[in-house]
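Take a look at the structures below.
Shared between the two complexes below is subunit A, which has subunit B as its partner in the first and subunit C in the second.
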Partner chain A sequence: MPKGMQPIYTQRLTSTGTITFNNIPQTYTSLLLIGSARSAYASGFADAYVYFQDGAGTSNYSSTAQNGNSSTVSSYRYTNSGTANMFGMNGSAHTANAFTSFKVSFPNYRDGQFKQMIGESVMENDGSAIVCQNSGLWRSVAPIRQINMTVANAFVAGSVFTLYGITRA
Partner chain B sequence: MGIKKISIESIKNGSKSNKMWDQDTAQGALVPIASVNLNQNVTLNFGNIPQTYQDLMIIINGHYNNSGVLVMDDFNNGAPTCSFTSLIGTGSAASSERLTSNGGALPVSTAASPMIANVNSFIIHILNYTNSNTFKTVISRKASDNNGSGTTSLQVGLIQTTSPLSYFKFSTQNGANFFTSGVATLYGIKAGA
Partner chain C sequence: MSMYHIATETRTSDGYGFVFSNIPQTFSHLRIHAKLRVTNVGAGANTVMYFNGDGGTNYRVHYMGGDGSSIFTGDFGAGQPFAGIGWSGNTAATSGLFSTHIIDIVDYTSSNFKTSRSLNGFDANNSTTNLVGIWSSLWKNTSPITQIAFNGNSYATGSTISIYGISTPSETGV
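This part shows the complex of A and B:
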């Protein structure tokens, strides 16, 4: 078993779509998802959502977010949701070719406790920018075996997502 | 990269020389140093920290028995002055908190952004921890969402010691507050060549 942080799989969209990582190895301690992505959403910044193998039709998710845009900060919360809001994202109205950089951590993803996630993203558009930091909770004791990611109007072509596994000592 | 060395003993008994490089012994830039299985832990101690990495990272994922704080302290078994500035989201408002000239302890979860009596996650980076000329900067993120309550926070801290860090611990500062389960792992982050 390789030690440290190892790439598991990378998905690069060649057309507009959503992301699913299936059959996630159950051999690591934590998972880390790092990506560069952009939404086709036309009305501003879009929220990106994560859900697992129980599907998006449950009420097992909650999330707390805080955003800063250089002049104001705000915070909001979702409860009893079908997905966890884990980071924000540029849309089609923003600077062309400006993709959002993001990172979502899934510590202890196989543990028999509820899963507490951390999301971060930055969206700089030369005049309008947002930094986001989110917490997400999946109220399930099941190990994470599948990760799904969605956003309003889907991710655009060129978006790339890499899932890493991190081992403990 | 390929196999550097393999011996007859390796083939016979499956053991591997520490001089051998293969997919099992190879490590990336993030190397696990030590893990603590959480079981009624009031403190988490990390000592004899190797001085061979560029940065340190600690991932803590633990079920906490109460609402409470978590601090880093006992840096090199001393009490350097610490400070922090944080951003906290409560779900309805975002705020900022600052603590200055704090003796010996760097809170990573505070009264304004406490851990919840449920699962909490931390990712904490200590940058340039072996430098002997600079104070040590700590970046920490905390997730404590509890489906209608809890907070999310992002914090930068400063430990005013120029000594390379070889020991520190995490403490709940209250014997009645502890992690009931989970795991905490200290990682070393390698520098580039």
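This part shows the complex of A and C:
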């Protein structure tokens, strides 16, 4: 296994949809997700969510966020959820062609401990925008084998998601 | 290996600006690491970024930051002539200290508008300008990014900017 950061999977949507990465290799130390995306949500900025192979019907996730919307800063938290809020997302009401830039890290994704993750996103817009940082917890000791990402009204065509594996020296 | 060094510029004397031309169009994303200190501005010095030589009013800049006592957020307003990457090391800081900027430009060859995201920090080692922030900029242009310039102030000897290209695989994991 080469050291450093290796690309695993990439998906670019050609129509509106959500994202699932299956069969994640169990050979790396950590995972990193990098993306550029936008949602079809019409009522402002949307939260984007991550969940793993246990599905979205559980209460195994919690997450905490802080963000600035150009005028105020705020922080909020979700507990006992079926998903973790790990980044934000532009919607259809925002500047055309403006996509959110984000990354989410999944350190030590194979450890036999509950999994922590951390996200960073900027929802650019030629108007009010949001910059956001998130942390999340998956209360499972299982290794991460599948990653799902979803948002209200789904991601639009042109959204791209890439998953990398990182191996320690 | 998916992250490849494209170019590095280091100032060998104090002066204005960094320019990276002919950026390869063969990667999926760009990652930029910058270490900066300006010589002509005190607390609050910013470094700005331009794409493809565009200094027109085609950008928007937002940020969220903290200075050790408060957290704040802001918008530079409509029609900015540059993108922002954050607060730079400055003359109010202890000598020899530089700011850090880690900038991601995802999907830089796409036909979407380009969003840049910069994680920025600077410890002045005194009580003047200790800052941490995340900066966001929109370039309202659908062209692929082929040139990136950084400017705004005179930069101290030793200021360095490196650009890396990040590749993606063909496998989808579906």
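The criterion applied here is as follows: the second predicted complex is superposed on the first by the 169 of 169 C-alpha atoms of A that agree within 3 Å, B and C clash if a C-alpha of one lies under 4 Å from a C-alpha of the other, contacts with A are read in each partner's own complex, and residues count from 1 in each chain.
In the analysis below, contacts are C-beta pairs under 8 Å (C-beta built on N, C-alpha and C of every residue); 3 or more make two chains touch, one makes a residue touch a chain.
No experiment lies behind these values; they were computed from the predicted model shown.
K.L.:
Contacts for A:Pro107 in the overlay, against subunit B (first) and subunit C (second): which applies, first, second, both or neither?
P.N.:
First partner only, subunit B.
K.L.:
For A:Met5, using the defined touch cut-off, is the partner it touches subunit B, subunit C, both, or neither? Pick first, second, both or neither.
P.N.:
The answer is both, since A:Met5 touches subunit B and subunit C.
K.L.:
Once the shared chain is lined up, is A:Leu137 touching subunit B (first), subunit C (second), both, or neither of them?
P.N.:
After superposing on A, A:Leu137 lies in contact with subunit B but is clear of subunit C.
K.L.:
Return first, second, both or neither, reflecting whether A:Asn23 touches subunit B, subunit C, both chains, or no partner chain.
P.N.:
A:Asn23: touches subunit C, not subunit B.
K.L.:
First (subunit B), second (subunit C), both or neither: which does A:Ala65 touch?
P.N.:
In the superposition, A:Ala65 touches subunit B alone.
K.L.:
After superposition on the shared chain, which partner residues are touched by A:Gly55: those of subunit B (first), subunit C (second), both, or neither?
P.N.:
In the superposed model, A:Gly55 contacts neither subunit B nor subunit C.
K.L.:
First (subunit B), second (subunit C), both or neither: which does A:Val73 touch?
P.N.:
Both subunit B and subunit C are touched by A:Val73.
K.L.:
A:Glu120 contacts which: subunit B (first), subunit C (second), both, neither?
P.N.:
Once the two structures are laid over each other on A, A:Glu120 reaches both partners.
K.L.:
Which residues form the common part of the subunit A surface touched by subunit B and by subunit C?
P.N.:
Residues common to the subunit A contacts of subunit C and of subunit B are 2, 4-6, 66-68, 73, 120, 133, listed in rising order.
K.L.:
Along subunit A, where are the residues that touch subunit C in the complex?
P.N.:
Residues 2, 4-11, 20-24, 34-36, 66-73, 95, 97-103, 120-131, 133, 158, 160, 162-164 of subunit A touch subunit C in their complex.
K.L.:
Could you pull out which subunit C residues touch subunit A in their complex?
P.N.:
Residue list for subunit C touching subunit A: 1-3, 28-29, 60, 62-64, 71-75, 78, 104-107, 110-113, 115-117, 119, 134-138, 140, 142, 166-174.
K.L.:
Applying the document's contact rule, which stretches of subunit A touch subunit B when the two form their complex?
P.N.:
The touching residues are 1-6, 29-30, 62-68, 73-77, 79-80, 105, 107-108, 111, 113-118, 120, 133-137, 139, 166-169.
K.L.:
Which residues of subunit B touch subunit A in their complex?
P.N.:
23-24, 26-35, 59-61, 63, 87-96, 118-121, 123, 141-148, 150-154, 181-183, 185-187
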